[in-house]
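Take a look at the structures listed below.
After this come two complexes, each holding chain A, first together with chain B and then together with chain C.
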Partner chain A sequence: MSRDTIPLQMGPIHSGLPGIMKLNLILQGDVILKTDLEFGYSHRKIERLLQDNDWLSSFIYVDRIDSEASFFYEWAYAQAVEELCNFQVPKRAQRIREIFADLAIISGHLLYLARMMRILRFETAYHYILREREVILDLFELLAGARSNMNYLRYGGVSQDISEGFLQRVFDLSTQFLLRTEEYRAVIFENASLRARLSGLAVLKPETIVAYDLDGPNVRAATPLESQLMIGSIGGDALSRVETRMRDVIARFTHLRQLVDQVPPGDFCLFEYDRDFSVPAGEVFQSVESYRGEISVHLISDGTEKPKRVAWRTPSQRIVQAIPSLLEGLPLHEASVVLWSLDLSVSEVDK
Partner chain B sequence: MDPYALAKRLKDQHRWDVELQAFGFSNRFLLLWKSPNHSTFFSEFSSLEEIFPGISLSFISGFAEGDALALTYFFKSPTATNQVIFRFFIERASPDRLYETRSIASRFPVARIYENEISALFGTRFLDANYSYSLLPGEDNEFSMRAVEALSMNHGEYL
Partner chain C sequence: MTPHSLIILFLEFIGSFLLFFFFALLPIYFLFSATERKLVADLQARVGPHHGGAEGVLQGFYDFVKLITKRTPQRSTGGSASWIWSAISTALIFGFFAVLPMRMEQPYFQSDLSLFLPLIIFILASCAHVLFGQEFDDFSTVFGSHRRATTVLSLSAPILTSVLGLVIFTGETSLVRLGTMQGASPLSWNIFGSYGAIFQFGSLFWAGLILTFQPPFEEIGFDGVGRRGFELVRHDLTLFWARFSWAIYLTILYFGAGQPGEIFGTTGMGNFIWSAVIVIKALLLLLLGKLLGKALVQVRLEQVNHLIWKWLFPLGLVGLVLSVI
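Up next, the complex of A and B:
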């Protein structure tokens, strides 16, 4: 290390970081030259816990991989087990899952947008966004009895049917949000200082996307098709990442308004569970699309009452590897904005 | 490509010692490396790239099978209709040694975090890896995913 460079440790507990992680930075003045990442401070041995507990207990641990995205981990896991058991999920349960997935994607994106506004010190927008998200959390509570770590899915369906008036509340929320789109556009996306701050910041390059197998909204924000829809964004930068999520929220609410009319009558789960539930021997690799990108599970069963192996491939595992190249050459004060703009979950990395 | 034709081509033309096995119930197949020496997998990887141009790594997963470690590599390619899945087993010279294999991270940078995780959870040394392991920083030196858990390690050497 030369005399004019400065080593700086950021974290593991730091208000500018999106979780318990550490950045080992090398600075020249206030410019970041090199970044090494350290994870594992919140490693909870979840994959081991899944192996050591029976199939019915699995969802409780699966939820904890990332509490905010718990529905998607439950969904991937349920689908993997259903494939091994050759279960056909009832149509009603499938529709309920799709509605839940849309709500979970919106909730995740709104939380992302709120955090971005907070880190940029746009307090008004921050409170507007949380106002909408609170209604979604109320819907989760109505449906699953919990606002996070939902433990709602079951192999072959969902744990309980939707209650009376639930679909109407989803429809009303969607309508209300779509009417407020202009409000968001004015407060957030037409704000010149926000656009100037985020435009051109930390551009995700095609070679980085390929090298680290990236997907999800961060990559969509870097594709030419999405970039054409943006005003003043060069595509792949922090501004386009924010805009892509807002567009995604609008698309999901529009989709929800159609979905609520398509829930057929019928069973919400294939069968009642008992503690002797076991899964036939076999293995499967199953993926679902979460609001951060693709979540996959490699599940192996040896036919006993516990899984033999459950390995998770998470979107944050891939995106964190792009951090060093994105931070290189940026001033230190931009590091937090860049990290939050990627929508990382350190909990997903550590597991 | 038909998986049977792929397995035959890898065996006949590239001397890969593989056997085709069913994977799950959705028309997927796994190519199991049969011989204990799996170094050809790394040294002759370009033969797979010839068959599947643009092949990329999706995931590496490990599991303990007795005292052996099974590594499963999930690849995808624009020219493959389904995933291309490889598995081989690694034995240790003795129970107090780490598993040893080669890293694929120089070819597929995304492998870094998966190898890192396997290293921390199973006690594996990826011989030509040019990165430091950091999944479990600090004092936690147990290998929680091994069949027989928790051998103490100090800076890469057993106590």
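Up next, the complex of A and C:
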């Protein structure tokens, strides 16, 4: 290390970081030359814990991989078990899952937007976004009895049926949000100061995407089709990542307005759940698309009441590999903004 | 001047400052911060403070009382020198306009060098931090206090050139007399004064607005270790006072000040009403700045420095050259 470079450790606990992690930076002035990432501070050995618990109580541990995206982990896990058991999920449960998935994606994106606004110190937009997200969390509470760590899905259906008036509330929320879209556009996306700050920042290049097998909204923001739609954005930068999420939220609300009319009557689960449930021996690999990208689970059953082996592949595991190349050459004060703009969940990385 | 009269003058200064602090500054600060928080809350679709006193008017006071029982964490590397210098810079900032309402027959900014005085005080306060203030090892302050203080020093460059240009152009070094020369009534918002139009929107104006709306010296004077209630009030008051001082400076120079006695009479009450009008206009300017700030992403020090050295400083130099010609 030459004399004019400065080593700086950022973290493990730091308000500019998206979780408990550490950035070991080498700076020249305030320009980042090199970045090393350290994880493992919040490792909870979840994959190992799943082997010690029966199939039903596994959902509680699956939730903890990432509390905010808990629905998608439950969904991947439930689908894997359903495939091993060859279950046909009732139509009503499928629709409820789809509605829940849309709400979870919207909630995740809104949380992302709120955090981005917070890290940019754009308080007004931060409060506007949290106002909408609170309503969605209320809906989660109505549906599953919890605002995060839902423990709602089961293999073969969902744990509880939707309550009376739930669909109407989802429809009202969708309508209200779509009416407020213009307000969001004016306050956030037509704001010159925000565009100037994020435009051209940390561009995700195609070779990086291929090298680290990235997917999800970060990659969609870097595709030519998306970048054509943006004003002042060059595609793949932090601004396009923020805009892609907002566009996704609008699309999901539009989809929700159609979905609420398509919930058929019938059963919401296949059977009464108990802890003696066992899954036939076999091996399965299942994936679902979360709001960060693809979540995959590799599940092996030996025909007993507990899984033999469970392994998860999470989107944040892949995103973190791209961070050193994205931070290189940027000033230090942009490091937090770049990290948050990638929608990184340290909880997902550590597991 | 005999030593006796010097002592009398000193005591008079201290007395008037204490009176002003407790009976004018603190009430204004509490009322203004409550109004500001309510307005911002309304902008951000939330309720805002509503427990402390009627409609949250006394929220600042309640925060003070709550935090007085708590201590700031003792920093491992912080020595005594760190907070002494921040206290000195705080005192310097408070010295600005301190005797304004109490001694109207010799108002602070009617003195012959009042155009320079605020600038000198801010330069001294920043220098105290840059030279003697101690940095801490944790990340948040490594690039914190010194950088902000250096930015204030940077801001003084365009202000100084602009003020020099103004002085050469008009031959006047008193703030109030310059404000009077604009020919605007204190009851108007005449930002197109009749005199020195080239300086109306020059670098002095924009640099002053930066100091009024989003002071880069936000963290100056917050390195102290002690009761959090005192630290909170000291920090908030210093920040408020610094912004308020520059708002008064800008109001007198650009937003129509007239002169004491012009409309409200030359009696003590007339002077008081004139000061009150200037104060209200300055507070409105601060509120406008706050609302504008909340509608934007926070401006970074790099952006401020870029603005200063790429735009404001050359603009100040142009003004200086033109006034010499």
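General observations
The rule is simple: the second predicted complex is superposed on the first by the 351 of 351 C-alpha atoms of A that agree within 3 Å, B and C clash if a C-alpha of one lies under 4 Å from a C-alpha of the other, contacts with A are read in each partner's own complex, and residues count from 1 in each chain.
The rule is short, and it goes like this: a contact is a pair of C-beta atoms (placed from the backbone, for glycine too) under 8 Å apart; a residue touches a chain by one contact, two chains touch by 3 or more.
Predicted model only: the values in this text are computed from it and were never measured.
Annotation for chain A, partner touching more residues between chain B and chain C: B. Once the two complexes are overlaid on the shared chain, A:G282 sits against chain B while remaining clear of chain C. Contact with neither chain B nor chain C is seen for A:G200 once the two complexes are overlaid on the shared chain.
When the two structures are aligned on the shared chain, A:I300 is found in touch with chain B, with no touch to chain C. When both complexes are overlaid on chain A, the residue A:A211 reaches chain B alone and has no touch with chain C. When the two structures are aligned on the shared chain, A:V320 is found in touch with chain B, with no touch to chain C. With both structures placed on the common chain, the touch criterion links A:N86 to chain B but leaves chain C unconnected. Of the two partner chains placed by superposition, only chain B is touched by A:H43; chain C is not.
Put simply, chain A touches chain B in their complex at residues 22, 36-41, 43, 45, 47-48, 51, 83-84, 86, 210-213, 282-285, 296, 298, 300, 308-309, 311, 313, 317-318, 320-321, 349-350.
Interface residues of chain A facing chain C in the complex, by the touch rule stated above, are 8, 10, 14, 30, 120-124, 127-128, 131, 187, 191, 193-194, 197, 331-333. Within the complex formed with chain A, the residues of chain C that make contact are 40, 43-46, 139, 142-143, 294-300, 302. For chain B in complex with chain A, the touching residues are 23-26, 28, 56-59, 61-63, 72, 74, 83, 85, 109-110, 112-114, 120-121, 132, 134-138, 140, 144-145.
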